[in-house]
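In what follows, subunit A forms one complex with subunit B and a second complex with subunit C.
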Partner chain A sequence: MNASAWQMLLEGAWTTVWISAVSIAIGVLAGLVIALIRLARIPIVDQLLVLYISVARATPLVTLALFIFLSAPDLGLDFNRSVAGILALTLNTTAFNAEIWRSAFRNFSREQREAAMATGMTPWITFRRIMLPQMVITSLPGLINEMSFLIKGSPAIAVIGIVDLTRVTNRISAVTYEPLPPILVAGALYMMVIGCLIWLQRIFERRANRLAM
Partner chain B sequence: MSNWEILWQARDEFLIGFWRTLEIFGLSIAGAFLIGCGLLYLLEGSRKRLTMPLRIFIDAMRMLPFLILVYLLYYGLPSVGIRLDAWWTGVGALAVYHGTYFAEIFRSNRLTFPPGQIEAAKAHGFTKSKMFFRLILPQVIMQTRPLLGNQLIYALKDTAFLVIITVRELTAVANSLSSTYFIPTEAFIVVIGFYWALSVAMEIIIKQCGRFSAKRGFDNV
Partner chain C sequence: MSEANTSETAAVSIRHLSKSFDDVEVLRDVELEVKTGEVVTIIGSSGSGKSTLLRCINWLEKPDRGSIHIAGQRIGVHDDGRAMPVRELAKVRAKTGMVFQGFNLWPHLNVLHNVTEAPIHVQGKSKREAEALAKALLDKVGMSHKHDSYPNTLSGGQKQRVAIARALAMQPTVMLFDEPTSALDPELVGEVLAVIKDLSAEGYTMVMVTHEMAFARAVSDQVVFLEKGLIIERADPETFFTTPKTDRVRKFLENHDTPSPA
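The block that comes next holds the complex of A and B.
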């Protein structure tokens, strides 16, 4: 492999990382919002969200990406590839994150909530000052696990023509006729990214254990 | 003729795609299950030299995206002289990839196994393999079944990746139908429905297994 192949690989890695990062950021926040809405138990909205979570968890990312990219013009929307890819990854990860946040809510200690109520905190202040900081720490290991699943699923967006870290290996081997080296390097790059996430997860798990939550 | 009627006339193609997905999924999870059990047995074994390479192999697999493994087998192996067709590459990659996940799930459960049982079995003169197959494996499998169920759904979702190496499965059928008749929305809604039905069915089966294992007393540890 020559210098331009390395450069292409790094560009592919950058594409994978930024698209995943945007989807993760949106997905974590949207998951929190969905978990909050589900706690309110609004009649029809609640059933719709349950349906969404169930379907989104069962749909393969490849299918979802193709569906969004191909049927967007039919529905009168005009996406470019990156937006369609981000949308597919986000729709998928939001469903999983919503479940993680919801279980953090359900497992939150009742005593603390009652104590907050007794000291006269409004629900919003209780949520922001008491619940959210603790929930972030307890659910971070799960959220980071989901992030590494998202990165492992991100090659799915190659199917709609985004040149990500997986797809770029095809481009390189089309020139050099040696498919093995770029694939191995791409695998090593994925391992580095996911290894970082696993390392972060261990740190947060240790911290969560130390805070005994 | 409405779009749905076109799809109804193409129902045979959907069913063939669904059947092929089922075939790939069934074969590969059977393989993955055997690989997982085999890896657990090897980790259990007395050969300490094997443990370290196996752990590294399992961790490496868990850090790789599935598609990279598929590329490695499909595009990479021919350059060392081994050529597999797309279908078998897909089945093999799924089996190996999810087999390591199964092994990891089993291993983490095995760590919490009460040592008293093993000692009792040894005192009764169980051989190593008999202890593994009669004592350890059934309990580990029944106790990890929620995690195994999750992993099965991940494996089902990973079958869709094989469309990229031109395996004719469910997603590929939707893709080709949508480009033939230009009805992407409806075609993909049908396919997503298929996947959803399959994973709901799996969840129900896993729950039923829960009943069986509660009856046999696997859960009260």
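The block that comes next holds the complex of A and C.
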């Protein structure tokens, strides 16, 4: 592989990383918001969210990406590829994250909540100061799992023309006729990114031990 | 107007309190008045409604009928029957401090921060002010050597003493103790009771549900016996433990090793 091949690989890696990072950031927060709304059990809204979660969880990423990209013009929306890609990844990961957050809510200790209310905390302060810090730590293994699924599933967005870390290996081997080296490098780069996530997870797990009473 | 007058003098005033879970009446027309500085102990067999009564006082349980005033202020609902908005309810709740059977410390915060959390985020105290208060309270309960420890490293007795400091930190009008020693190993019960006894000597107003009869006799000003949601006997501890009026209480005390005078 020559210098330009390396450069293409790194650019592809960057595309994968930033599109995934944006999708993860939005997806984790949106999942939390959906979980919160679902706690309120608002009729119709709740059913719509359940429908969204079921559909998003059952739809392959490739299908979702194609659908968003191809239907956008008909809906009068003008997406570039990156936005469509981010939207597809986000819609997918949000559904899974919402379920992770929801189970963290459901399993949160009633006793600790009562102790918070008994000191005069409002539900909002209780959520922010007592529940959320613990829910983040207990949900993190699941959330990071979902993040690494998202990154590993991200080559699906190549279907709408985004040149990500996997797609770029095709382009390189089309010129060099040596498909193996770029694929091996791409694999190593994916492992490095996922490795960072696992490292983060370890740090939080150490803090999680404290929560086991 | 007469109600306002009696409520003003009382730390807690409970009137015509009733509550049912499904079809079971757990509280039936309960009346209880706790004066400032008074220690009231609620006794009864399990399922008699004593924990429910205590949990109604700070509205962790919602009664079906009746009213509760804390230092003259009604909790939970307004006189016209409107439910209290959460912020207002939280404000009245802050006038009560509760100590739970299972301690219920917040495991993500160290001992000091368990105590400062509510003063800082509910009362808006400065960090410095809250920490000074917390340190004084932790000293009072004998936990000043454990500021930086996390709850999972403490014994049950230590956890409960921190929980007492946490409740005291809001400087409540009344302290509510819900079987504070029932989850403790027998050898740890004494250290927690000693702290509560100190508080009663300092004049704290307290309502306590307990199975520790000798302790109840030693610290109470008023003992209340609850049976199937009904207060069937109330008296000063001497009268209650030596000459109970009802057979039911006599039997209960026989089964609980009636304590010798403390």
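Here is the rule we go by: the second predicted complex is superposed on the first by the 211 of 213 C-alpha atoms of A that agree within 3 Å, B and C clash if a C-alpha of one lies under 4 Å from a C-alpha of the other, contacts with A are read in each partner's own complex, and residues count from 1 in each chain.
One rule holds for everything that comes next: a residue touches a chain if its C-beta (ideal position, glycine included) is under 8 Å from a C-beta of that chain, and two chains touch if they have at least 3 such contacts.
This is a predicted model, so every value here is computed, not measured.
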Room on subunit A for both subunit B and subunit C (clash or fit): fit
First, second, both or neither for A:Leu48, with subunit B first and subunit C second: neither
First (subunit B), second (subunit C), both or neither touched by A:Thr122: second
Which of subunit B and subunit C A:Thr59 touches, first, second, both or neither: first
Which of subunit B and subunit C A:Ile130 touches, first, second, both or neither: second
Subunit A-centred angle between subunit C and subunit B, computed on Cα centres after superposition, in steps of 10 °: 110
Greater residue coverage of subunit A in the superposed arrangement, subunit B or subunit C: B
First, second, both or neither for A:Gly153, with subunit B first and subunit C second: first
Smallest separation in angstrom, by C-alpha atoms, between subunit B and subunit C in the superposition: 25
Touch list for subunit A against partner subunit C, complex: 109, 111-112, 114-123, 125, 129-130, 133-134, 137, 209-213
Touching residues (chain side subunit C, partner subunit A) in the complex: 58, 60, 86-87, 90-91, 93-94, 96-98, 100, 102, 104-108, 117-118, 121-123, 150-152, 163, 166-167, 169-170
Complex interface listing, subunit A residues touching subunit B: 54-55, 57-64, 66-67, 70-71, 74-75, 151-156, 158-159, 166, 169-170, 173, 178-180, 183-184, 186-187, 190-191, 194-195, 198
Of subunit B, residues touching subunit A in the complex: 60, 63-68, 71-72, 75-76, 78-80, 153, 156-161, 163-164, 170-171, 174-175, 178, 184-185, 188-189, 191-192, 195-196, 198-200
